[in-house]
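One structure, as structure tokens, below. Some questions next.
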Amino acid sequence: MKSVGKHRGAGRLLTGLVFLFLYLPIIVLVIFSFNSSKSRKVWSGFTFEWYKELFSDQMILNSFYITILVAVLAAVIATIAGTFAAIGFFNMKKRPRGILLAINNLPVINADIITGVSMMLLFVSARSLFRFDLGFGTLLIAHITFNIPYVILSVMPKLYQLDNNLFEAAQDLGASWFQAFSKVILPEIRPGIINGLLIAFTMSLDDFVISYFTAGSQIQTLSMTIYSMARKRISPEINALSTILFGTVLILLLVVNIREIRQEKKLKKSSGKLLNPLD
Amino acid sequence: MKRFLSIPYIVWMAIFVVAPIILVVVYALTSGSGSFTFENFAHMENFLSVFIRSMIMALIATAICILIGYPLAYALACEGPRLQKIFIMLIMLPMWMNFLLRTYAWMSILENTGLINSLLSALGLPTVNMINTQGAVVLGMVYNYLPFMVLPIYSVMVRIEPSVVEAAQDLGANSFKVFLRIIFPLSLPGVLSGITMVFVPSVSTFIISRLLGGGKSLLLGDLIEMQFLGSAYNPHLGSAISLIMMVIIIACMMVMNRFGEGEERAVML
Amino acid sequence: MHHGLKLSKPISVLLLLTMTLSMLLIGCQKSNKNVVNVFNWGLYIDEDIFKTFENQTGIRVNYQTYDSNEMLYSKIKGGGASYDVIIPSDYMVSRMISEDMLEKLDYTNIPNISKIDDNYRYQPYDPDNAYTVPYMWGTVGLIYNSTVVTEDVNSWGLLFDEKYAGRILMFDNSRDAMGIALLYLGYSINTTDKSELDEAYDLLKRQKPLLYAYTMDQIYDWLEGGEAAIGPYYAGDYITMIENNPDLKFCLPDEGSNVFIDCMCIPKGAKNKANAEAFINFMCDTEIALLNCAETGYSTPSKEAYDELPDETKNNTVMYPSAETLDRCEAYVNLPREILEYYDNLWVNLKT
């Protein structure tokens, strides 16, 4: 879409204001991670103290480890399971598929708190039957459960775009089912799978409500630790941890973007020399 | 026969999606001693004010998100491809910083001795009481969920074929007419999915109201949390309230879908 | 797509297997034998002592916090929690005993119980002293900023004074909040008379527009930083706050107040009972009790620890009020089920 010049100025202004709004609290957090007192609004000098303390704070590090572990495991398992489930759904008749997709969508449209509460009720009632504790296992199950729908939702559209004949053509040419699947279908739907994986990972990482209800008493995710701290005094160590996390993601994104820009430039250059392929 | 691939997940859904919801229904329809009862629904009118307040605040937050998010998505879609990419990254980036912490940071900004008020009094202006008000809670909702409004609208807007717009212009439509007749209708699915993605978490939040509302204006989420892990243990009543909330949400979804005509595929991030 | 038969079945079987396996994961989650799961009030312990405990016994402390007795109750009752040591207050102890939620303690594993003053044992909530070991005690009082409140303070009425609208904090739990309203109205904090409770509720409802917030442990931040000027809280916490803001004053109002004893207990079905008893015993050690007192500012029930306190602390009437002051204070008792439900209703209505 092209817009007229005068609109662009207004658009840029709005974009700038929204970014200011989105980043203001983050800037505050980052700045006060270097504050030499514990205050979260009065600046009293520069220090790296909180970064040092962070690496000796077992509780925060432990909950950070659990958060990452759950997010990675849940995202990977959900992506594998969700991809196969999506392929299964795709090959079903319209009626059952519609019903199953509606159920699949439940955790997506439902409020987190209801998903969390209902799973807690399940785990607590199953606990008395099977004698287990709420903990890492239940947390992981909960995360997988709310991740799979996102994977399915991002893989499904890719399946719809798929040319049905491709798969059969491959098999007619002698490919086994597995070969046809991994060489033909998988590459086609890969963007959907990767997108699903990323969404699942982000969802897990940022989740608080569902973890809060399903993690039991032995472990805490980072969000839960922050929540319990937010109701007393948050230690600036948490600011330091988030600053590190945020910085890492920012740098990663920059690196990826700069590489892409370089490649584009290369591409332009090489396309200048006619008929000279890239490699 | 590839549909068998979905059987494990169907079993999984039965256990971890359907069974829990059935449990909520069972809890809502039983009393503490386990006998069947409608008692939990009998005093629902006590909570009418909470229902109404939650709805109104979530609606206001959703409306503000549309008012900011729609022009923003439009502006983004008008940028060049590289800038577009960077801006979208910038919108998603905050989500990588823990949302509790971001919300908590607003406390430092909004408090009576916080950053805004310090700035105001340094300039010799009167201070404003912002924290622990319903306005602060709405601000928290808008802040947290605005990206969920911008992204779906943006993703349908970039898919509008430039040729359609050009054709309309060639046929003499001015830019206002182009917007009204072409861009707006085509972007509607994005708006609808944005609305659900903002409204549902807003209406059910309990963190934002707790951190920014000072515990003075209970929302539906607070009410439910209170009955399960909070200060007034009664999972049966909590389940009944959850059930009603769920019915409201699903009813809203169905109304939306009617407008959206199964566009759900178009718009997940 | 009919050629898929051969492999799609094994794959789906495999997936089903992985999923059942991950489900089994919850079943055989290795519970580290050498752990004690402690659930305590926020800011109510010197967390450095966990290391000492681990060095002495090899037991790791897994520590989490709550901010009201009612929240503790919910978490134990319905939250699928499995803690080994919890620290409820008197009235919650008796509720938990009456609902069979606590284990009897084996005092042979807690020899340090001998250090506890008998005045704090055999209390009405646990007459045979079978379930509890007192941890700390204290009173509830009015904390205010003397730069804002310059008048003499001797009444809970300060909390309902429109002069200070927007600068007042209130307890975010039903029992403490209702208790203060009842005291101000001249009723017993343990009343079961619904009309008295209704009056207290009306008072709180009228107070609501004057409040800065309902709060528990955030009160530290707000009173120390000058965000708010007045709030009722526990005496021990005032001792901590005054270190950061010397303008804060404490008053135990003339209408009387609440005196409480918080007790270490073991919830029913605790997995690591022996470890829990070792932890409770450790907490009663005089040196550890002194560290906890110094950190939290609360009053110790241990006579040995009390004897070793510096005179300055012993003479601090906030921590160790005189006998006459204590006479004005009443302990909460557990209420009948019907009244508890009434409390919950009033509380929810107040907050809506």
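Letters are used for the chains, namely A, B and C, taken in the order the chains are written, and counting of residues starts over at 1 for each.
What we mean here is this: a contact is a pair of C-beta atoms (placed from the backbone, for glycine too) under 8 Å apart; a residue touches a chain by one contact, two chains touch by 3 or more.
None of the values given here were measured: they were computed from a predicted structure.
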Identity of the chain that, by mean CA position, is farthest from chain B: C
Contact pairs, highest-scoring chain pair: A-B
Whole-Å gap between the CA centroids of chain A and chain B: 18
Centroid distance [mean C-alpha coordinates] between chain C and chain A, Å: 37
Junction residues of chain B, two or more chains touched: 1-2, 4-5, 7-9, 12, 111, 113, 228-229, 235
Where chain C touches two or more other chains at once, by residue number: 1, 4-5, 8, 11-12, 15, 19, 75, 78-79, 225
Per-residue overlap in chain A, given as positions that touch at least 2 other chains: 41, 81, 84, 88, 91, 120, 141, 213
Interface residues, chain B side, partner chain A - complex: 1-10, 12-13, 15-21, 23-24, 27, 68, 71-72, 74-79, 82, 85-87, 89-91, 93-109, 111, 113-115, 118, 143, 146-147, 157-158, 160, 162, 165, 175, 183, 196, 200-201, 203-204, 206-207, 211, 221, 224-225, 228-229, 235, 238-239, 242, 245-246, 249-250, 253, 264-266, 268-269
Interfacial residue positions of chain C with respect to chain A in the complex: 1, 3-8, 11-12, 15, 18-19, 22-23, 25-27, 29, 31, 37, 39, 42-43, 62-65, 67, 75, 78-83, 216-218, 220-221, 225, 271
Residue ranges of chain A touching chain C (in the complex, touch as defined): 39, 41, 59, 77, 80-81, 84, 88, 91, 120, 123-124, 127, 130-138, 140-141, 144, 164, 167-168, 171, 176-178, 180-181, 213, 216-218, 220, 228, 231-233
For the chain C and chain B complex, residues of the former touching the latter: 1-2, 4-5, 8-9, 11-12, 15-16, 19, 68, 70-71, 73-75, 77-79, 166, 172-174, 208, 211-215, 225-227, 344-345, 347-349, 351-352
Partner chain C, residues of chain B touching it in the complex: 1-2, 4-5, 7-9, 11-12, 46-47, 49-50, 53, 111-113, 129, 132, 214-216, 218, 222-223, 226, 228-235
